[in-house]
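Heads up, there are several structures right after this.
Two complexes, one shared chain (chain A), two partners (chain B, chain C).
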Partner chain A sequence: MSHPNKKRYDAIIIGGGHNGLTCAAYLARAGRSVLVLERRHVLGGAAVSEELHPGFTFSVCSYVVSLLRPHIIRDLNLAAHGLSILPLDCSFLPLPNGDSLARWGDAERTRREVARFSQRDSECLGEFGLAMTQLCRFAKRIIDEPAPDPTSLDPRQWKQLYRLARQLGGDPTDLRWLHYKLLTMSAVDFLDLWFESDTLKAPMSVSGIIGTFLGVRSPGTAYVLLHHYMGEIDGAFRAWGFSKGGTGGVSMAIARSAEAFGAEIMSSAAVDRVLVHDGRASGVVLQNGDEIAAEAVISSVDPNRTFLKMVGEEHLDADFTRSIQRYKLRGSSGKVNLAVDRLPEFSCRPGAGPHLQGDIAIAPSIDYLERAYDEAKYGAYSKRPYLNVVIPSLVDPSVAPPGKHIISCFVQYAPYDLKEGAADWPNQREAFGDAVVDTLAEYCPGLKESILYRQVLTPWDLEKEFGLTEGNIFQGELSHEQLLFLRPTAGYANYRTPIDRLWSCGSGTHPGGGLMGAPGELAAKTLLQSREL
Partner chain B sequence: MRRYDEIVVGAGVNGLIAATRLAMAGHNVLLVDQASHVGGRSYGHRFHEGFSSPGLLSDTSGLRPQVLHELGLTLKRAPQRRAPVTLTPEGLRPVDAEAWQRWQRWIDSVAPVIGDFLDDPPLDLLHPERVPLRQLADRGWELRKLGRNKMRELFRVPPMSAADWLEEWFEHPADRAAIAAEALAGSWLAPRSPGGAFSVLLQRVADSGAILGGTTALIDALNLQARRAGVSFQLDSKVARLRIDGDAVRGVEFVDGESVASSKVLSTVAPNRTMLDWLPVALLPYPVRRRYEAWRCRGTTAQLLLALSQPPSQLATADGPTEFTQTALHPDDIERAFDAVKYRQRSERPVLLVQNASASCPQLAPAGQAVLSVLIHYAPHDLEGGWTDESCEALRDATVELLEERLPGLRASIVAEQLLDPHEIERRYGLPGGQIHHGEQALDQLLIRPEPEALHYRTVVDGLWLGGSGSHPGGSLTGAPGRLASAAMLFN
Partner chain C sequence: MPVPTAFHPRTAALCHSLSWKEWSGYHAVCSYDSCHEREYLALRHAAGLIDVSPLFKTELRGPDAARLLSTVTVRNLEDLAVGRVTYLCWCDDDGKVVDDGTVARLDEQRYRLTGNGPHYAWLHRYSAGYDVQIEECTDSTAVLALQGPLSRDILAAAGVAAIEKLRFFRCMSAKLGDLPVEISRTGYTGDLGYEIWTAREHALPLWDRLIEAGAPYRIEPAGLHAMDVTRIEAGFVLCGVDYFPAHHCLIDARKSSPDEIGLGRCVELDREPFVGQRAIRKERERAPQWRFVGLEIDWDDYERLFANYGLPPQVRSGGWRDAVPLYDRRGRQIGQATSGAWSPLLKKNLALATVAAVHASVGERMQIEVTAEYERKTVGATVVKLPFFNPARKRST
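After this line comes the complex of A and B, so read on.
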């Protein structure tokens, strides 16, 4: 699509995903002229709703809203622009032996369920929740601020580090020890500090490996357990839930907000590369050849794609290129989206109860999860994978015709690098989809017969369709060596890049992936504070 | 009742060093051990007439130079550091020389800072407000001198997996496997486990060249120096509990009922064994108790000792016999071997660290014959079904089969053998869980070791100190904990 006027914008944002749109909204709100360019025909990136089958609106990739920052919701008036988050109040675990465990927002109800598996664990739940809430306080400061660089001599960085140290310094020794353990232990080992029951630990530990190429027993996976508890301290705004209209509803609300502030948004406008002259960005070139000029270019696309494809090695020094080449992307997840003609019936807890209105985990034991991981390590998708399943139509009837439903299955592990090579994914796609359906059908007999439509997204598809290099849903692994001041690489974790006037605002920057909006917001604020715009 | 200034429990390398230092400062020290000999995990027992083991921890290259210097030990070291060697089906493969040199230069460049980790009192990262400004400034300055890039690398590298980090330096998978196998031996980490890179880094920085004469020479020299310094010894004496006076530890009680009094006790035995088995329950506040209960000691090592009628010819090279080799050809060989442990199985195809021990220490075997010490990974302490005769035999057979594949003719040369399964290792060396380092070596148990209130060797219990492998800076054969613990006690 050809660009009609030869306008020069203050900022061009590459990618209309939720971070790009958030960045655009904040810049437009500050009076800057902003153009967002989205390659696909719909906005949202991986936070997108699409009617893939008549009458059924799928949250194609991202399927729950996690940790969308409350101050972003307020600043951008997202509620007025259609954001509506519906409660996700249950985590249901069906078990192969016909038993099941449901954990609820209601602590007492959860305690009773857990007590059936372990009396001791049910009594420790409260203590665990309290400890996690305390640990969250520190983590919350980390995600809501740019990451300080301890190798910097800049006094402002040191002031920020000092404030963080002061906060830690207010904690008793035991809590500090827990912080240390949380950051370094595996999810299972950390849970072992409180709990004994495998049935409880398995579904709890699994949040530690979402989007990683690690297992629940791998060191470094414990800290992600905080995610679940972060929402509770965000206050009045519910941070965990379903977005009405699918997760695309979040992106669309942000897009409307951005437009209300004056931003322009174009879809079906694929950017080919950034215009760079003498180490300085001056605009972009679309795939159709059109050039658009801007004072600043902000990429919400992952670091690999931004620097190695859109900028090009010729404009970057060898050390930086090497650091981006070794930035780990290794996608490990897939998605299977189903339209079904009736509500699935779980044989272990039959009926359309509230237990189906949250998320459903196929994670019957820690060994099961580790075996799923083992297969992926050597280049194969898990034949019996971990699934995180939601039936959004139960909570949001607008996404499916009456009586019919959407079943959204997040799957791990599906490694991008198959031993036959990533390009073999199209050959393995259907078998991978079958493995997912077969696994779920073990718990819901009758599932297969009810399927009206099936979409299978492998890491290869995530890359080709959504621009996520190697299918990594967080635009880069959330492992310690590429987090905080090292994300995506040392020296460029503060949204700047080696190219003057080129900035980053996607999940490949601090604080990383998930539907937080924080990278987009922090990038915009940092850019505005720099006074370069 | 006999009374001493200090009792040091455990006469391994750390205990010998600590006792000697205290005695050299004029203290009246008693060194006790449950075994009838000194040396702990580095003592080599006779496993067959004429053949001795080099010990469980038999790589002396990590022994801190300051230990030799401060104790006045006249031991010589090999002039060069040892580059790992893989025992492939086609023969010996040393790591690629060019890649090794390049990596070694990087290691050397950060060695001043990592060396501080090994040789200085630990930085209390959890209580930055308590760190003396002087120490913070010194260490900060050491770090800053490296330059910003290296500083960043020292944040980036430690949380990485060994596999990812080594892939940045070594192209050949066997080279990466060889380095990872040595560094991760005895741990509950595999090449893809985050934090493994820190173990690799520590081991490589600590390498100061093997001590000539091996563990035998080291233990003999430490023993001699301890006696010269005036340390009193009491062997064949197993501690039953610590002697309590009020709320304080004031000595030890042995299983035979005898008690010995002292102002302080330094335990070089595993921290959870010391704090949970030897103290009355009520003495530790619950939060502290919980940390020792959570101390992970999942042993993954078995050892096969082989008495051979001749040294394996394949290990002889133009430069002399190769002493240390390993059998993994790819980091995934180690990864697959480790997978089994997660399900409480032993590795079907284990990774073997093979030490041609009599090559550097001829007195371990009769002339012309040889001792091979094989550390088998991974053999879980909590094997499903337990370590029965059948499972031991299956482990032994899998090991010998792999050895025969790489060293044809070995089987026929076996004169005698002894397999130490993880329970035997636990029993023989007093190691909870059969864990060879007194506690798993992973980032979550290395930076604050064993727990925040025992970081500087003094525990929350008055009179009780910890100074073995379960203390900072960890468990390989460095002598660092014993050195630092005794220094802390003297400073007090």
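After this line comes the complex of A and C, so read on.
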């Protein structure tokens, strides 16, 4: 039943993912009337929990939390709205030769484990951690502010750059050099600065390729490593956790906070297009034909979808259109979610030990990871992919029936563009799922027999179901040419768009993807400062 | 999760207090009784037996071992004779201390380096081009510290030949019955004492024999709490408490040069290049900013402070290591006391401190923060000469 919504809002936010909701909460907190429109029946976007199988609540896409900015948790009072993060203590790496490596929060225990592979590396972990902490302190300044544009002549931008430069200037020289190395090196080369053991470097390097169509030896991946290291829980870097009730718990807490500030949230409300008159956005049209008017429209969906599908080329100039068309999405990962009737048993370390309560990496060597990438480069999913596996039900029993478990497998590589074409993914989906289960089952015999339910998400599914163009989990690769003042494209990094009163606030804006909330927060703050609202 | 040392079956059976702490990834006894006092008194009046196996150890073998150690540490070890031990520290390129420990020359081409932290990787940083094998042997070598005035008699009673000839900071191979051991005339208590090193598999018989031979001499197993009081009386700096290893410091202000932590005497500056040499030389041209000193806290002042609240003076049982600020007469902060203890032997309230160099002369007066009845106050303290406790037997044969 379609009836026009007569109310005129200060702001309409397209997309009820964590960034859209964060933006809504900050605007509502500032007293603006806000409406969030979510296409799906459930809120959260890629940060969503769904009961896909009776009794099993899955973090369907995003599955661990750490980058969520601590000040957003405080500003939006998320703990009071139900946010609860259960920390992960261990990173476990089973190896094909029956050995394994577990890295723990306990530094001495980790040193002892790593020493079995390299005494030297075991003693360098502290120094590496120290260097990363120092790099994070600087990077934190960058992700918590809109990206300054060094090519701009605006004195305000220069002031911000000057402040950053001063902080960098306060660092010792070798640390400043390290910043530049981080921006240019590959994850593996960067780790080579400290470590010699392939067994240690392989699972560490994968943080550099998550969501990126690059290999661990590709230049530029060292930065992505840091991006994942910046995770912070209660002030400690490199801390990851599960959200109680699944990752959707984060989105729901933000949604409740936004509503408490007065925002309205509508699900099953798919936006068809943005209303643009004379280069100015005035509202949206839903797929059911309803028109809703607003002073400003803020899109949290990716730049490709926002501009090419919801705005339309007719409202954009050709150069801008081309730059959005060239914006690199090219999803590289998939997800396999399993409901199982028993805990998987790793033959290299049997039993339900605490090593299963963190993340489990299938990344036995750097060559293994590169070979996985090789297949993807030529348009096939990796037959033996990198997996990042978690069993959240071990830490949060609320997500599965007693004694039963959820296994979440993040899978890389699964290129959006198969050599048979992206549209062939539905034909290859189950074979891809089999490759993932087979890979894991090599380490956990009996896994296949324990599976009660399996969900396979390919980049194609991420696009069709979650609206992530080309299945890119970060709404655009975290590569240097589309980061900072170049995200999503030069001249429009400040959450503004070429359309007046149309703003963006998704992961396709600075500082990028991950369950951070920073783009949503910074977009809201920039919009409020602009006095356009 | 800490792991047990080789002596764990014996120490665990005796540790009635269940008071343990983690020491470099191992379980270590804090005190066997609920209070460390009996163990402390044994260390000063009879002998205490301390499991110090978690001490990090590497062995260096080969023709270039001495040359590598001379390059990495602040001492020239090329003229260290076989059977000698020396105390030293090592620095980073900026001349800031990474760790301190001992080097023992066990044989013509065999050296043992000990430290508070792991140092295998640190040695490897500089070992390219040196003909030397470096072996991490923390876990494979079990170590007991037998410390106290009767420690020599106990070793003699245990059948160690010629123990009375082993001089201060010397080491020798020996047999304890049929157990092959190495004995060094060293320790961390500032007293007559020995450290006994053996292969892991000999740990339990070694313990048993020393306890048996020591029984008539009133030997006591002692924990870290008792040892901590003795090391403060001895004025020994502790890495991670009184200073921090430079390669783990987030900020430069946390780092210290050898001169700033009282280890300047270890530095042999004018010789072949070594790590940190240039920076130490440069610092000496300007004089170091900080000094490591011993403080005696005024007892009358202290008693008066507590009396104001109607309380008797409260001193903590054992050593403390939560740093407190130090002030000059005008209330400006001039440093911090990083650890301290009431000395039952000296009847003095002692602290080890890092203070601005201008305030470091013996006799200098300052104020130290003391909390009495939840209120932060200050009492007077005086810089005194270290060590606080320096018995003649400490250096005796």
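One rule holds in what follows: the second predicted complex is superposed on the first by the 517 of 533 C-alpha atoms of A that agree within 3 Å, B and C clash if a C-alpha of one lies under 4 Å from a C-alpha of the other, contacts with A are read in each partner's own complex, and residues count from 1 in each chain.
Note that contacts are C-beta pairs under 8 Å (C-beta built on N, C-alpha and C of every residue); 3 or more make two chains touch, one makes a residue touch a chain.
The structure presented is a predicted model; accordingly, all values stated were derived computationally and were not measured.
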| item | value |
| --- | --- |
| Three-chain arrangement built on chain A, chain B and chain C clash or fit | fit |
| Partner chain(s) touched by A:Pro402 [first = chain B, second = chain C, both, neither] | neither |
| Angular separation of chain B and chain C about chain A, which is computed from CA centres of the superposed model and rounded to the nearest 10 ° | 80 |
| Touch count on chain A, higher of chain B and chain C | B |
| Partner chain(s) touched by A:Gly351 [first = chain B, second = chain C, both, neither] | neither |
| Which superposed partner A:Gln119 touches (first chain B, second chain C, both, neither) | second |
| Which of chain B and chain C A:Thr133 touches, first, second, both or neither | second |
| Chain B versus chain C as contact partner of A:Asp106, first or second or both or neither | second |
| Which superposed partner A:Arg217 touches (first chain B, second chain C, both, neither) | first |
| Smallest separation in angstrom, by C-alpha atoms, between chain B and chain C in the superposition | 6 |
| On chain A, the residue positions that both chain B and chain C contact, one per complex | none |
| Interfacial residue positions of chain A with respect to chain B in the complex | 150-151, 165, 168-169, 173-174, 176-177, 179-181, 184-185, 189, 192-193, 213-214, 217-220, 326, 328, 367, 370-371, 374, 377-378, 479-481, 485-486, 490-491 |
| Contact footprint of chain C on chain A as seen in their complex | 104, 106, 108-109, 111-112, 115, 119-124, 126-127, 130, 133-134, 172 |
| Of chain B, residues touching chain A in the complex | 125-129, 148-149, 151-152, 155-157, 159-160, 164, 168, 189, 192-195, 287, 290-291, 294, 296, 332, 335-336, 339, 342-343, 442-444, 447-448, 451-453 |
| Residues on chain C engaged by chain A in the complex (per definition of touch) | 1-3, 22, 24-25, 118-122, 124, 136, 247-250, 252 |
